[in-house]
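Let me begin by presenting the structure, written as structure tokens, before commenting on it.
We call the chains A, B, C and D, going by the order they appear; numbering starts again at 1 in every chain.
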Amino acid sequence: MRGLIGEDILTEEGEFIINMGPQHPSTHGVLHLKIWLDGETVKRIQPNLGYIHRSIEKMSESLSYRNFIFATSRMDYLAAHVNNEACALTVEKGLQLEVPQRAKVIRTILSELTRLQSHQLWWGCTGLDLGGVTPFFYAFREREAIMEIFEETCGARLTQNYMVPGGIMYDVHPNFQKRVKDVMIQIKGKFEEYDNIMTGNVILENRLKGVGYLSKEDALSYGVTGPTARASGLSCDLRKSNPYSAYDQVQFDEILDTGGDCYARYMVRMREMRQSVSIIEQLIDNIPEGDFQAKTKNVIKLPKGEFYQRVETPRGELGVFIVSDGAASPYRIKYRSPGFSNLSALPIMAKGGKIGDLVAIMATIDLVIPDIDR
Amino acid sequence: MSTEELKNSITAILPSSTFDETGEFLNVVITSEELLPLMNTLRTKSEFDFDFLFCLTCIDWKDHLMMVYHLLSKTHQHTLVIKAKIADRNNAQIETVCNIWRTAEFHEREVFDLFGVKFINHPDLRRLFLSDDWVGHPLRKDYTDENMISL
Amino acid sequence: MEGKLTFPGQIHETTDGGILVTKLDDVINWARSNSLWPLVFGTSCCAIEMMSAADAKYDWSRFGFEVARATPRQADLIIVAGTIVMKMAPVLKRLYDQMPDPKYVIAMGACTISGGPFFYNTYSVVKGVDHVIPVDVYIPGCPPRPEALLHSMITLQEKIKHEQYFKKKIEEIR
Amino acid sequence: MRIFLSYSFSALATFIHSFLAGLISNGMFLLVTEMVITGVSLIVFLVLLCFFLGYMERRVAAFMEIRLGPNRVGPQGTLQIVADTVKLLFKEGLTPDSSDKFLFNLAPFIMVVASMLVVAPIAFAKDFQLYDINIGVLYVSAVSSISVIGILMAGWSSNNKYSLLGAMRSGAQIVSYELSVGLSLISIVILSGSLSLGDIVKSQENGWWIIKGHIPIIISFVIFVIASTAEINRAPFDLAEADQELTGGFHTEYAGMKFAMFLLSEYINLFVVSAIAATLFLGGWMPFHIGGLVSFNHIMDYIPSSLWFFGKTFFVIFIIMWFRWTFPRLRVDQLLTLEWKYLLPISMVNVIFVTVMAIMGWHL
């Protein structure tokens, strides 16, 4: 088959190649996928990254241990608190600093609120990607309520930079407890609405069930983490296995599913939202009094050595690897971002599916491209 | 396996390896040529069973490059860090581990892109983040760029 | 009277093209300013705030901005929401070129204005999107609030209201 | 005055005809003049209708999505669509360099013409019909499928892979769903015994078919609404455009007024499909009558027939919009599965039921 300008639009093997992205509504940012198609069926995918590679790792090498945290808010901007927490924890590990209990609890509450709003945004965008526009607006309604809490707490809606080495930057607003409780009541009432509009929908079930299968072995081999891996039955919740902050003080379930398909990933996230609400409710009445920040020196210098901290972001395992040579800024920083490894499993998940399936898979992996590119 | 047992077992396999226990994890320092056999053993032998490579990166120590592999076993819940020293900075190359852990494919491409380490037998070794015509490897300490404004 | 019939008195050339042209310009400017369809284009954090501006709380559909088009051919406006890196710059330029005239650009957030937080010690960030494409309105912030985005779009509307489409056409003909 | 009281437009038509006949003596010329007047007024009417539908769509969407929708441009945002149209008119009409320029520019016109043609046999009110073709139903189903040619033309000539995929999807989709639409139309034809839309409306004098025809006709109505939603490429069947998959589908490369024509034809199609559904199943302009209740029927007759028609049509339009803003999109193979495995067999069996019903005279 020949195109109008005489150029072959099919390859010699009869494949039809399309480029999805960098600007494409369903790639959630600027991801470029080169797709080999046979009709509508995806034969091969090649992700092409780097359209938002902002050299955060290089930049951090010249920033002090207090300053480098801000860039991580821009990495996974839907989980800025969690990213900041990971960096703060790594620095604290290097300094062998004990964080006050109050800061730990507040960190945990904020992390779970972050997870909740991230999952809500994911839910809305999944609806959007599958062609149903309305869920997006329902999700954002509750998300805005959480955003208001963030804003009241630290003045920023998205890129908070609130967790600092030693604890949190400032104490929470006096309204904090009341507002969080109000929002939790609001959100708990809305889960049923979410289920009504999306989960029970027969079209949605058909679009997601049996699509984008990822086996447990593949998930492990590709380093897939977070809800994506847990939907394949791979237990990898770091909040359970390597508890940090105040996660050892709360009761919650690690959500596992064995489906391995898009629907399982969808359900895992839906159920995780309820767990997050439960964690917040356990902690919100028990914020201990006391300091919110441990005393640190003005210029933090980490001892010579290597420090690694893993935390569970809404998308999976974030690893912060700091190599210190004893100076006031890190010698090398490596962020092991969850999306990066999760994306690497996309080609095997999407193989053999339709273009519509590919969109559904990308939606349920929950990609955040700046988190992948860094 | 505890740290001590790990140490003993690895010494039995690879007597030339040195250990560093200052950090959180047990670090094993080897040379780049010893990497692939050791990694294969660590993955396949059931007493190790390191099935999860959770981080793969490189550090530029100015006179040499150091590949760092963070390994975890989901079955035994033990962690190990393998450090492979690449002495030749100008012609840095090491065997790929992406046949053992698939996740290494992307991570190695990232290291190739940003550090210029060539991975032997890698299936698709291209630049990952930067465009193909980029000159240099930015995360090396001696990288200079006229567009880079230093504070 | 034989011969040429001349108009009694003098004809003054109006400076801005006369009442018909100005009124037509007003109509077009009114239409263009009230119908800014943005391109679905977001690279990073600012894109989330752009989505927030579309949601029920801020609701840019009140101004008729909600018809976000996925294809540059049908868009009037690029909101550059997020950092532009060297690899993305040619793509952005191409997207801009693919848009039909008249086209407008809003540089949203510090990264697009100057590189923002990624100004120093970065090797891949374009330090200001105006190195790549012309910008009409800049909004500072990291990221700017949705209200700020709405404000910038209203500012752009005001800018469009001062355009002189027909007058320029007539001048070209002359 | 009499015109208004009788709620019939025949007096108006006669008046215009006699007025023109007074001016123009040549019969041929008179006919052409009348055609031109009708054509122009129809186009103006349809464009205005599309303005309204566009506005309605955005407000209905906003209503479903708990937000406000356009309310700044003009009173309550009513002029929003006017602004959009004027903007699109003065937008650069791009034709991509590598496209087939003739087909590329022709495709939008084919789309609009195909959808406008279908309006001809629709009865807008009592005695208000452009042309009551005796094979009206056949005409409607035949002409409405011309639009697929426009879509294929647009997709192919754009020389864009997304457009081509969108056009191919649309081709498969429209050809398949045509069958179900046809079969559900046939069930009404069987009951009313006529292909003429005027006769079909008159056959519902003592009750609309959806009431008289019992469950089989309700099934055909549901199938008709589903299948025709698919035929006019609207969500959840908008695979040909599928923003999230194909960026814009067959109209990815279209800009300015040419794109506006696709929008225009989309809304005319929406109106036409709803009007056909209202005519065949909900009695068209026929007021709500119950056989035997003379006084009740008289009271219903006081509501103008055009109000009945537009009321029903907009009810169907609202349902189709409701679909769009609540359902996710189907996948392309599921779309065809739905048609070939479910809708088509059901409507075939349904036609048998309707035939039996018609023979036995079980309908009211």
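Throughout what follows, a contact is a pair of C-beta atoms (placed from the backbone, for glycine too) under 8 Å apart; a residue touches a chain by one contact, two chains touch by 3 or more.
This structure is a prediction, so every number in the text was calculated from the model and none was measured.
Counting steps between touching chains, the shortest path from chain B to chain C takes 1. Within the contact network of the assembly, the step distance from chain B to chain D comes to 2.
We define each chain's centre as the mean of its Cα atoms; on that basis chain A and chain D are separated by 45 Å.
Averaging C-alpha coordinates per chain places the centre of chain C 36 Å away from that of chain D. Rounded to whole angstrom, the centroid-to-centroid distance between chain A and chain B, based on C-alpha atoms, equals 25 Å.
Separating the CA-averaged centres of chain A and chain C is a span of 33 Å. Within chain D, contacts with two or more other chains are made by residues 65-67, 243-244, 247. Touching two or more other chains at once are residues 55-56, 70, 87, 120-124 of chain C.
With touch defined as above, residues shared between interfaces to two or more other chains in chain A number as follows: 24-25, 50, 53, 55, 58, 62, 136-137, 141. Inter-chain contacts occur between A-B, A-C, A-D, B-C, C-D.
Taken together, the chain B residues at the contact with chain A in this complex read 22-25, 27, 51-55, 57, 59-60, 68, 70, 74, 77, 81, 101-103, 105-107, 110, 114, 127-131, 138-139, 150-151.
Residues of chain C that touch chain B in their complex: 86-87, 119-124, 127. Within the complex formed with chain A, the chain C residues making contact are 39-45, 47-49, 51-52, 55-57, 70, 72, 82-83, 85, 87-88, 91, 95, 117-118, 120-125, 142-143, 145. Remark: chain A residues 3-5, 9, 16-18, 24-26, 40, 127-134, 136-138, 141, 197-198, 201, 203-204, 206-207, 354-357, 359 touch chain D in the complex. Chain contact summary for the complex, chain B toward chain C: residues 129-131, 138, 143, 145, 147-151.
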